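Listed below are the structures to be examined.
What follows is chain A paired twice: with chain B in the first complex and chain C in the second.
Presenting the complex of A and B:
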């Protein structure tokens, strides 16, 4: 893809030594993968293991969103790739080069930090050129890159401003421009939009995607917000307690969740899960719950009582409690009174089954006529 | 006092507050005022009891006399040179130390920092003999390096800078690392400029400490060669029992104090900033 600007790979003039062609390090099989993580583990000095045996391959040019609840180890994971955190175990490959022991500046990666991490004493321009100078770019080249990246993020008029005089959204753009300026092989973004207000966040989402499509660098984007993940990622990695639960397209993680965690975490609302028998649980999306028994019905009949009702405008959002006290959520435009007992019906093809280890198991023939 | 009524308790508190302020004022301002006032008096007026607050005649020529009799330029040069070198030495030694204590993980860090903290409470009087003996072995007595090199390390400066550096967010330093900076570049181009108020304040404290130092200079020198202004003022004191020329001595004191006062006025903003410093945010 032709880039919009004249940015070259950094390290061309500088001390970066990660160009694969001149690298003597052993190349590994995953040649088509941009980033390959093998058995990563991070144990902090206080003994806490934040990441354990993490394996992941990320495709060249993809926009991979790593999503998971707060504290699950997303930042730790990203900082390990960036080189800001040592790996206790495991190896990191970028284009087949082992960079596990390389300094942060020599990895060909750039990062957008959660709190922007701009240099407060430097102007916007200096914030961007600081790294370029370190990489040995000439003055003319830096000027051209500055113009390109500031234009890309729409901040040409702010080149001489200090970060303290900019709004949150503008600071985030500067951080973005700083990362782009180095035209890295890999972009890392740690919840870059979490400090922005809701409207700006939606706008910046679109802009990030636009920029990604324009420059085409492999991006790993972190968020705890599954909506952001679903709308932005072309590949989603779901993380929980330091492990990748599932990795796939938004479609796949939504329609084909590999385990209960992913099923519950992805989607708004997440999947309803009810225990069935022999340790097997059944799951279904709230949009698939029917209030009337269809003719020729094969599937799950679920008896429950309406607990709460919320008006969402077009539909009502109900929480229901099953006889065992499990809570499920459905959305429907029927008006139901709270306290009412009713049966809901889910067709077999809309059911998901999970085994005792919470992993997905086939439903075929399992639930032709189940009742809870 | 939001409700505006005056209970006896509040009156008492108000009176106490006023008294404390008055005491502080007396303790800090009055000696300076008296120094300044005496420096313009005649020999006679400087020695009367009770002393006068305002001189009845002004004699600015006392300063010329002090300048001459102290051989002021010689000591001024020594003072400036030694103070500047000490500050430079401290910046070279203490800034990297503080950076390491504030932002790096290394073995024995806690023990080393505890030693620095301990050093804060060790009085100079307890260790000066060791300094003296070491310097005389090295042949450093009566040299500039004898008055500078040992003082490039300062527990106080390290502690003060460490506390300030801690407030600078790690993310910014990581960003600099990802921008390909070495640790030295991070210290010089990122940490130091961001923590500028803290560094300036520490420098000023070192300046005041070194500029006014009498104790160490008197121990580590034996001749006039490298002595500084505080010792020159001491030379204005008569060695026999003749009358003390307080007016001349006070003129010398004002000359010692004046540069510090000017610098404080110029940089006082940074001192205040350094105490409310939040890492450049």
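Presenting the complex of A and C:
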């Protein structure tokens, strides 16, 4: 039986400039979302709970990046959607269809792995056609699909090569072609670029986006690299210790972090957080720290000592220690001597406040003239 | 104060550079120790065996004269040699034909991480570390036609008792069983380590590709462990062709040479019957046979194996 979605359907969502309107305030109804995860939980036999009560809705055609530090459960999460890992609790819906108990091959998903997971003894062509044969495609159809996907990833000339003779980038493109060939409803990508060198990674990043825009399938992309998340995703889900900390557009998670974890994790460098009073912490971006007090200043004055200095080329990167020993990072083109005591100023509108539970609270009227 | 050791060290170092290094530059100097042992214990004895196969040798009577092809003629007119040769081929073939697939099945099971794994691993690997003497004694007891546990088990199934080691038709299969059992642990070890070279993600890819367990086994697992088969088949064949202990300890080649194998026949003819020339003629033929099998084995398996 041929799969439900033929390769010809490429254009289905093929809107080149497609960017779904993400608004985390609005509760997306499960019926209109592509993937819906309800109360997902994974406990391993040794008692370790990798994921606990995870709820997430992912929109049709979106490129959702799941980002978090190593060991936060993001790979487990992806493998649960793929069916490589059983769910201890909870349900997974794809297009309203409950697939929690379905076999991996029957879920309409395709996965691209960090280590490519190609079949090393098969040629590029066979790597792709192996699955297609299992899906019940005929010989002519397979030939047509092969040509399509190899052209898409630019490997038409390598159809007869073995993976061992290809470079890392080419191997990952084969893995991508193999995933695309089955025209899945959902692409799952588990850190697909982290085995590549820096230059190739940037190039492949662009290529992945191009392919996504061309075929338009919903993609869930995992990375621990927040730069990758910011540049690739049209929706970013920040994950920590098995829970989603925040989900929204790159703009949203950067400029409007919901909690301290997201604030610190997203951005390069992450947000500086200093304790203030009554359990409230204040946060600000490095770039917003001023070394001279502006006229009509309302905001936070922070006294600190320069601890280290690194020359980044365009600017210096400083780490400063506050009186309480908290470390903050600022970037500036002024040359400051280490050991020097100074005051830095952050305008009220550039400050973020977090409550005792580390969740975001309004700053309005809170910090007109604060000093630490 | 500490000058003298340093001076001595410098002298040694200079001597080394002058005299030792040039020698070590030659690859032949480096392989010399291993080569010397090989020449003493393999090449010279082989040449002597080759020479003796054309001589009539009797150490007791002090006879040592050229006999031409007489030794070769005698072994081919002697029905025993032909039978022993055939036994050896049958023994080797079936030891490998049962042993290796059984090892693969066991290894696949062990690799599945089921709760029985540790137990199975112990059971399978123990024979490998037990000496041939213990193994032979144990199986001789179990295969005893009158009191052995195997005939008792057959009786429970309603099957007539077998003669095992004492029957002309059953003695060779009996030692094949013991040989397979004894070598299983080692073979399983090799296959398990081969299976562990396959990344988990490849299996997950196969699952996502809707490949069932059987298709995955034949299209993914077997081809990916194929390089190890070259090694496994080569060692297994080399080992079973040279089997001596089992025959010596369990059957003595009998009854009527039905379980006699080449190496034991050479020993028997040369050292028990003192027909050294004849034994050496058999050994020379066997040497060429083993060489041919190894070449064939290598040619066949390396062609089909995939190397990364």
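Here is the rule we use: the second predicted complex is superposed on the first by the 344 of 372 C-alpha atoms of A that agree within 3 Å, B and C clash if a C-alpha of one lies under 4 Å from a C-alpha of the other, contacts with A are read in each partner's own complex, and residues count from 1 in each chain.
Everything that follows uses one rule, which is that a contact is a pair of C-beta atoms (placed from the backbone, for glycine too) under 8 Å apart; a residue touches a chain by one contact, two chains touch by 3 or more.
Predicted model, so just to flag it, every value in this text is computed and none were measured.
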{"item": "Room on chain A for both chain B and chain C (clash or fit)", "value": "clash"}
{"item": "Contacts of A:334 with chain B and chain C, given as first, second, both or neither", "value": "neither"}
{"item": "Which superposed partner A:109 touches (first chain B, second chain C, both, neither)", "value": "both"}
{"item": "Partner chain(s) touched by A:45 [first = chain B, second = chain C, both, neither]", "value": "first"}
{"item": "Residues of chain A at both interfaces, chain B in one complex, chain C in the other", "value": "79, 82-84, 103-106, 109-111, 113-115, 117-121, 130-131, 134-135, 178, 182"}
{"item": "Residues of chain A that touch chain B when the two form their complex", "value": "14-16, 45, 79, 82-84, 103-106, 109-111, 113-115, 117-121, 130-131, 134-135, 178, 182"}
{"item": "Contact set on chain A toward chain C in their complex", "value": "79, 82-84, 103-106, 109-111, 113-115, 117-121, 130-131, 134-135, 164, 178, 182"}
{"item": "Chain B residues touching chain A - in the complex, by the definition given at the top", "value": "105, 169, 171-172, 174-181, 185, 189-190, 193-194, 196, 280-281"}
{"item": "Residues of chain C that touch chain A when the two form their complex", "value": "199, 201-202, 204-211, 215, 219-220, 223-224, 226, 306, 308"}
